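The following blocks contain the structures, represented as structure tokens.
In the two complexes below, subunit A is the common chain; its partner is subunit B in one and subunit C in the other.
Up next, the complex of A and B:
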């Protein structure tokens, strides 16, 4: 006797197909620093472009057929509905393939995913942004948001550090941000002949700013070691843990809290994160290799 | 006796064992692929079965940490075998499944058309721990905010004939996890196997309708008492115990405990425990590309938190050492799972104990951790 199973047809156009990307064209490539560039993307399908909205701090899954997907923060202005910026460091399998893309090439996009910087909760507060290296791009949409609504926020400080002066992201924009009453403070780990500004790591300089812990929110993103010490310094300044926000990075494959890779304790960083209020993480943040 | 009326949902009837062949036939006539335990290549697997004779009648398994033996016993029961490495997970959450295929067109890509065949499964002989595992995976793959289309398409049409467990293996601890040995809910039909008859509890409308015109009797007090006695014996036979009192708290408050290092020294990070686990759900996705670069196929495969690549990212590996991977696995199963999905992620099936080449026993390790913490 043969077994007869009745096949159920799944419609190929079903949008429920797992990890199905939408296609976007590279419209412009802006070199930012050695091994880092911003890729400006526009959806091929204009309705995809119109429907796409994101909040500062969210990310997309960028797909290069044959290579795979990588989680990339959106670094452009959330009010700009014409194009999407992704600032990418060429460091892994997928991002090294990204480095070979040319204007006109097509990539897959899924998103936006994850939590965002708490822009409305920050209203009325002083905002202190402490970030390092490739940690600035995920915060740039928040800076644009603040600039558009500058009167809603108190004193705004950006403390940004990079390894050397040639590793600094978006240097041409600092003056624009300063004109919008944002105090932009830049530091490098190692000085050189081209640099006459601050030298030293971000947490070290953090200590030098007089912040009012009662009304300041701290936003931080960057290398994990920098994040740890920024939080340490902020807490030493009596900033309550409920006023410290951090964006974390983990290996991600799905963006939907399903594949398991990005877990940290009870959280799927792609879903509950990447932006957390620090009190949500505090009990296990310092556990080694957790 | 030939019955004119159908049994009620929730009632228990007795049928001749041979009547099960008719039930299997009716399932197949309804388009189901009937799957159950069977012996193949000298081991116990889950595969297509046609009738009762395909089941491992008279077989038993002996299981200990790092030890599995299949042998013929003197009994004549069909469903008295504790499962092997395979679980039902492979049918609802396949170990490798194509998501979509792409073809290159000039400088862009198009989706290759394709028809997906989703079989209708009838699982025959699902034990209480395994049914609990299916329900745990339901909560993972069919959430309010995200439903996995592959899992849902398979699960929506699955018919389940479960079975009460009467002879647990040495590695079983479902009692500790409150998942067995008795099946409670979530089945279409539930079998309690006695020496001469099956006691059959009706769990769903489809299960009830399958009985139309078949001969059955209401289960007598003697039959029901015999079933209770067998389940009671199974409870008493189960020696392995995991102390679950305040378990998530014990683990999550002691993530820094040096005992994790002791386990890490023995663990090989081989991923066996996660591959045999019926609740482990992590997956990876890969591109299978043609050599000319003109087409690629996106596939989802099982992954494991013991794989070094699992937590690899540009900034470095989150869990480079083995102790932290074991801690991730155990603290997820028995700790953070509860915060994520409302239950623990372990049903006490014992597979991770049996199939660990280093004979690491999660019940012993977590009980040891509890004792170390108390010291």
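Up next, the complex of A and C:
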């Protein structure tokens, strides 16, 4: 079995540590779109706060007593040790319970889990980020990392799509990102008279960009159907499969590859993923029953 | 004459036309015109008679469909080097299936659909290049429509 692009070795010799949640207080709630909000957390125990480090693309298991756990990508700046952000869509039992939380409420956290975006390997390359909907939050830490080390990366493009303009995540930050020489291009599936931006799906806009396949890495996250066509467009532009990275979402339950709920082919998404280099997935990605 | 040279020069820059032989490019220039449109200007309405196929050189054009009780829904925006109004070349309903208006000040090329169709019929070498290009556009739009129809951002449990 090949290894993931940037595996993070959690210490599974003592699974009790990974299974025990640490408690964190909700310090702020930022509504992002209809049914989506970012929850800013701070660990109750200050040593937990200091010890917690994550890499862009990793996730935490968020625990609400009486409701259970949900795997949530970390959407905040990995260098900001004061605030830990999770952008959550309220769709399941746990996340609907999260939607009822208020500032000051306490949740359990386990993590960080999973592989991360290969930020060191991307240095010196052009980075093309193509994502949609709730696929932007797992990529925001990578954007922050690039911004903090902008000189280490070549041309950086963010192509982001959402269902409608009111579903766009983090619109207040686009100008900040643009000022950091990130080309932010936004599209929506359905427009209205008030929307003067692009209308159309993410993959179709690839034609608009000049991508040098020899030095461009493509990072993608979002609905799997969108990822499929993003990969198709990237490969049509001769971007090698070794330069395409995807973050996948599956039914993650334990976060450490023990329960098997998130298995995809030979991988447990929670352990070997969620970020994969595409050549690792290519043989069974988009194959029925995988 | 000067306008014709400007038009031909613009046509030559479009990847669409780079596969055309010089004499075919001349034919295309004869049936085309440049048009400037101001932000908000309506190019055609849904249901209008189809007469031109357009290529955007600068700006952004929006395609809208009117849905009763919902109003106009913007289904697509056309950017530089993309084509719209292509169904006028292969007419099914002989009416525009969407309305088009400029989102920002734009420069477009309009090509007379009927003349283009006739020329494709008379000269199959020319017709093959044009139809191949159109097929690529239709294929791309079909994919876009499919993905929009799938509503890929719909919440899985909604």
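The criterion applied here is as follows: the second predicted complex is superposed on the first by the 273 of 290 C-alpha atoms of A that agree within 3 Å, B and C clash if a C-alpha of one lies under 4 Å from a C-alpha of the other, contacts with A are read in each partner's own complex, and residues count from 1 in each chain.
The rule we apply is simple: a residue touches a chain if its C-beta (ideal position, glycine included) is under 8 Å from a C-beta of that chain, and two chains touch if they have at least 3 such contacts.
What you see is a predicted model; the values in this text were computed from it and never measured.
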| item | value |
| --- | --- |
| Which superposed partner A:35 touches (first subunit B, second subunit C, both, neither) | second |
| Contacts of A:133 with subunit B and subunit C, given as first, second, both or neither | second |
| Which superposed partner A:104 touches (first subunit B, second subunit C, both, neither) | first |
| First, second, both or neither for A:191, with subunit B first and subunit C second | second |
| Subunit B versus subunit C as contact partner of A:208, first or second or both or neither | second |
| Partner chain in contact with A:223 - subunit B first, subunit C second, else both or neither | both |
| Subunit B versus subunit C as contact partner of A:163, first or second or both or neither | second |
| Greater subunit A contact set [subunit C / subunit B] | B |
| Intersection of subunit A interface sets (partners subunit B, subunit C) | 89, 91-92, 223 |
| Contact set on subunit B toward subunit A in their complex | 28, 31-34, 48, 50, 99-100, 102, 104, 107-109, 111, 113-120, 140-141, 143, 145-150, 153, 157, 252, 255-256, 281-287, 289, 293, 296, 298, 300, 303, 305, 310-315, 318-321, 323-324, 327-328, 332, 336, 339-340 |
| Complex contact set, residues of subunit A against subunit B | 1, 3-10, 12, 14, 16-20, 23, 44, 65-69, 89, 91-92, 95, 104-106, 108, 223-224, 249-251, 253-254, 256-261, 263, 265-266, 268, 271, 283-284, 287-290 |
| Complex contacts: residues of subunit C adjacent to subunit A | 60, 62-63, 71-77, 79, 82, 103-104, 140, 143-144, 147-148, 150-158 |
| Subunit C contact footprint on subunit A (complex, rising order) | 35, 89, 91-92, 132-133, 161-163, 167, 189-193, 195-201, 203-204, 207-208, 222-223, 225-226, 229 |
